[in-house]
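Order as written gives the chain letters A, B, C and D; numbering starts at 1 within each chain.
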Amino acid sequence: MSRWIIDHLWLICAVPFTASLVILSLPNGRHKSAATLAVAGQIAALVMSFFAFLPTLQTPVFRAVQNFTWFTFGDNALRLGWLLDPLAAVMLMMITLVGLCIFVFSTGYMAGDKNFVRFFAYLSFFSGAMLGLVISNSLLLLFVCWELVGLASYLLIGFWIERPSAAAAAKKAFITTRIGDMGFFLGLLWLYGRSGTLLFYDSGNGCLESTGLAMLGASATFIALLIFCGAMGKSGQFPLHVWLPDAMEGPTPVSALIHAATMVAAGVFLVARVYPIFSLDAIEGVTSSLTVVVWIGVTTALMAAFIAMAQADIKRILAYSTVSQLGLMMVSLGVGGVAAGMMHLLAHGFFKALLFLGAGSVIHGCHGEQDIRKMGGLRGLMPITFSTYAIGMMALSGVPLFFSGGWTKEEILHVTAHWPASRLPYYFLLIGVVLTALYMTRQIIYVFFGDRHADSQHAHESPRVMTIPLIALAICAILFSVVLTPAWPWLHDYLTDESAHFEFARLIQPALFLSLALVSVGVALGIWMYRKAGAQNRQRPPDTDPLEFVQPQLFRFLESKMWIDELYARTVVAFSWMSARLSDWMDRNFWDRLVRGFGGIGQLFGIFTSDVDERCINAGVDETTIGTRGLGRLMSAAHSGQIQTYLGVIAIGVLALLLFYAWLA
Amino acid sequence: MINDSIDGFLHRNVKFADQIFVNVKHWLLSWLTAAPGWVVQIASSLVNIFALLAVFLSLFALMSVLERKILGRIQNRYGPNRVGPFGLLQPVADGIKMLIKEDIVPARADKLVHFLAPILIAAAAILALGVIPYGRNMTPFTIDGGILFFFAVGSTTELAVFMAGWGSNNKFSMLGAMRAIAQMISYELPLIITVLPVVMVVGSLTPDRIVAAQTGYTFGLVPRWFVFTPWGATAFILFFVSGLVESNRTPFDVPEGESEIVAGHMTEYSGFKYATFYIWLRGTLPRTRIDQIMNFAWKFMLPMSFTCVIAAAVWHYAGRGLRGWLWSLFVIVVVYTILSMLLDTQRKFAPRVYRFAE
Amino acid sequence: MSSVAFVLLAILTLAAALAAATLQKLMHATLSFAVTLVGVAALFFLLGAEFVGLVLVFVYIGAVAVLIVFTILLTRRDVGKDRGANWRGVLLAIAVFGGLTWAILKTRSVAIVVPDVRAIPVKRIGEALMTSYVWPLQCVGLLLTAALIGALVLVMEEKR
Amino acid sequence: MTPTLQVFLIVSAALFSAGLLAALSRRHAIFILIGIEMMLAAANLNFIAFWRFSPQPPSPTGVMIAIFSIAIAAAEAAVGLALVIAVYRHYRTTNVDHLNQLKG
């Protein structure tokens, strides 16, 4: 079976696509069949991914490549291909598993929505695209799926089209990612120009293989950076992260699936996939492109963490936490810990999806209320949501031992510490870890602890169809740590093609205690600051955040997302608006006048020719006609009708001819 | 073999006989040996002319008398018998009468034309005689296209006839002249075409050669004349009929038919055919209408003459022997029957439409 | 070829030609025209082309003259006396004649004496006609039929 | 003087100009035809004269042309006279001066 799957790898992404097409064709009312179809598609994809995942376990360095020719132009052909290697296999498993949980969750969450069918069509369309992106062997095919994913995210963010904010958010998301994609596309073209092929692995002369890389030479860094632009756009890194928080306008399962687990991970996956280009002729693992990645990762992580501190909306906090975690992953990739980064990505995928779904069930429970300040004390009302949410929170903030997040974060810190270039990123990350723990505890206290807020009096637990995925994801978040512990670093070795062996001694590491300390500091600080957040209290006016009470300017600065949106509005948007006005003005005045000028010249010329025509030609023709008519009249006089005169003339003619000849001879 | 012996006998003693006139002529000319060349030439031609005139004029005169006598007998009355023995000198009397009688010239007639017409007709007739070979090397005027000359002169008579008609300047004679000319022209064609086979067979236009071609006898008895060949016979008949018409003899003498038109313009002596049974025809056959004559000419005579030409060709290419003879006879008979069927004479007569020249 | 005969004939034809041109009465002019043609035929005889002379006589006098005469008969009503030859025509004719004779006398190469006269036998004319000139003969035949029909159509009275 | 080619040419020229005279100076339509016939006859005379005086043995072309030209002249005369009759029948006159309907 697995042999068959490797040959028909494309089926994994084809099934969800076909499912989405079929669902699209269903009439609007058919909720039941649409849901079953989507879930069935996802289950099939999961089964096939599992069977694809198995062979990668047996053979150590596993890479199955399947290339085909898309089309030929002239004598060279454009070839695409499907690739299966440990990286892809793991991603396949994560996407399908998480996707399945979210699909099941959203059948419950979206039950009331009238565009239920269209939602599921978009969801399966998205999962198909994501799967395609993961298993593609050609940068071009990856780029195609990348764009499809972008489209899916646009459709899903703006799913509630009647809400203007959703539409604006979708547009914003699409445009910012598009800017990133521009860089990605330029990098792609440059790569194709240099290496002549876009296939990653093509039995020897692929662009990621030695010969292809050799051809890149100096331009490798630039190509890497351009491709990184795409990653920045899609994964919401520093300059292009603005769209991710606004994307929370979409339904929560969408945020969970796309803006937590899969799509945003695509950027990191992309960097991991084309890592050889980044790390081409690195001096002990450090190249300029990687350093750039590191520093952008660091800035994103810190900035997002700080902003998350001051957010009121439950989903926005999680969005910024995702941004910061992605920054963390980028840093780990930058410092050379590809496996660490991927491990964190996978773990993050599970517990972030869990947190989002938890938030979703909370919102569902509070009938659409998203502001955490209007929630409180939901611990009692929604026990399952609370418990799973707590597990997610613990994993995210990196509590070691039982939670996957901790192990992966600790691994990243370990790798960053050994980064030869500089120690700064390591210290910044430590701060980041503390901040993460801090804002997560703030959120959990606001939502679940404290006394009940007026609005959330009658919150109720979500139905079973929503709680089961929560529980499943929680279990995954915990169990996943088994493969992550340094004692048996199976995933790490799997990813780095080494053989995993169990060694208990390595469990206890000095760094373990450092991270434990940091997390406990963060949590304690959070409890201390926000213990009475929920309750009314005299010194603080109602609904004000303790941080705001203490540091109003800082709080307002963070709350308004460091005014980056405004900055962009004033710079980029203003610039484009201004250039539009300029070109309009140019069109209206300069080009228009130029054309009219030529027109004038033409007219002038026309007038001139008409004069010439009038005076010379017409007059000339008239004259000749008059002349000929006069001549005609003259001649006709000669025609007297007398035959004899004619004969006479002939005789004269003969005579003249005769004389002429005689004279000639 | 037999032919040669007979030829030989005839040849020897005839040779002397037929050359008698030639010898006489040479004898006469010997008198003028002293004179220069062209004088001798003129003299010899004069002698010829004189001989011709004497023979034919007297012959014509005799013929007219004979004709009137025979006609008389046919019409049960005596012909002229007063002048000379049996009226033989009647023509002389007529001649004298003609001369001494007062020459009535119509009032506003065109004198010149009136005077010239009879002369021209007579001249044409005589000129035609000049070409006919009366005997071996006795043809007065030997030119290559003898036959052609004969007919060319013949055709000038039309003009002369017209001048006569025009000269007298009265309507009737004019009408008569017009009819005569129409008749003569339409019959001139068959006349010439019937001669064509003879010329084709002989291969030359000179009368001497034609006569020479008919020498010798087949089977010793029958002279090899063309008349005895089928096409020759038909050609002769056609030739004879058109000859009658040409010279306005009865039965085609409409132009100067006494009963119809008061003063015929034709004088008896101008006819240039002198076959004896002319008179028989004149006496017996009724006069035919002018349009019948024309019709007959164009629809019967012309096709028949063409068939003679074809028949002669067939006869020549079929070896001139008996087989040729039969074949050409067959051709002529076939055509004759077809033509007669076509010209069904029982056609009902449509009312006559008179067309006048405005 | 006796020059005497030539001179006589030349004088005859020219006199008749002038008469044809100048005689007042139409009929006389036609007849003098006929006489000129006879003169020309005789000249042909002198030049040894007897056959052509005879054809000339045949065609012109036998047919054309008669045709002319008939036309004169058919168009007699116009009795108006023809007022004398207008002088322009005469002058022109004389000028042409002068020009021609001047041209003829000027060209030296033409004054050759007549070689011995031997009439061309009709046989040779026949052969020539039938061999190398067959095609023109057919054309002339066609032309004549066409002219015949044309003349007929022109003259025939439309059935009113 | 035995007639040389020149003399013949002069005679034919005279005949030609006589024909021209007839054609030009007479008022009657038929005179024009007679004039033309005379001119043609003059031309034939020229042909035969040149044929006769051409170097021996004379090829029969001169005679041929003369024969054909006579035939054509006859055809032309026939049609010309037919035309005259038709014109007469229509205009009741053959006086050439009156027949100038084709005036320009």
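List of remarks:
Keep in mind that, in the parts below, contacts are C-beta pairs under 8 Å (C-beta built on N, C-alpha and C of every residue); 3 or more make two chains touch, one makes a residue touch a chain.
Note that this is a predicted model, so its numbers are computed, not measured.
With contact taken as defined at the outset, chain A and chain B are each touched by C. In terms of the stated touch criterion, the partners common to chain A and chain C are D, listed by label. Chain centres defined as mean CA positions place D nearest to the mean of all protein CA atoms. Farthest chain from chain B (centres taken as the mean of C-alpha atoms): A. Of the two chain pairs considered here, C-D and A-D, the higher C-beta contact count falls to C-D. Between the Cα centres of chain C and chain D there is a gap of 6 Å. With centres set at the average Cα position, the gap from chain A to chain D is 111 Å.
Our note on geometry: chain B versus chain C, Cα centroid distance of 28 Å, whole angstroms. Taking each chain's centre as the mean of its C-alpha atoms, chain B lies 33 Å from chain D.
Residue numbers of chain D whose C-beta contacts span two or more other chains: 20, 23-25. Chain A has residues 644, 648, 651 in contact with two or more other chains. In chain B, no position touches at least two other chains. Working note: touching chain pairs come out as A-C, A-D, B-C, C-D.
Listed in rising order, the residues of chain B touching chain C in the complex are 38, 110, 112-113, 116, 143-145, 148-149, 151-153, 155-156, 158-159, 162-163, 166, 174, 178, 181, 185, 188, 203-205, 355, 357. Every residue of chain A that touches chain D in the complex is listed here, in rising order: 635-644, 647-648, 651. Across the complex, chain A is touched by residues 88-89, 92-93, 95-96, 99-100, 102-103, 106-107 of chain C.
Here chain D touches chain A in the complex through residues 20, 23-25, 32, 96-97, 99-104, going by the rule given at the top. Chain C contributes residues 1, 3, 6, 10, 13-14, 17-18, 20-22, 26, 29-30, 33, 36-37, 40, 43-44, 46-49, 51-52, 55-56, 59-60, 63-64, 67-68, 70-72, 74-75, 77-78, 80, 82-83, 85-86, 88-90, 92-94, 96-97, 100-101, 104-105, 110-115, 117, 120, 124-125, 128-129, 133, 136, 140, 143-144, 146-148, 150-152, 154-155 to its touches with chain D in the complex.
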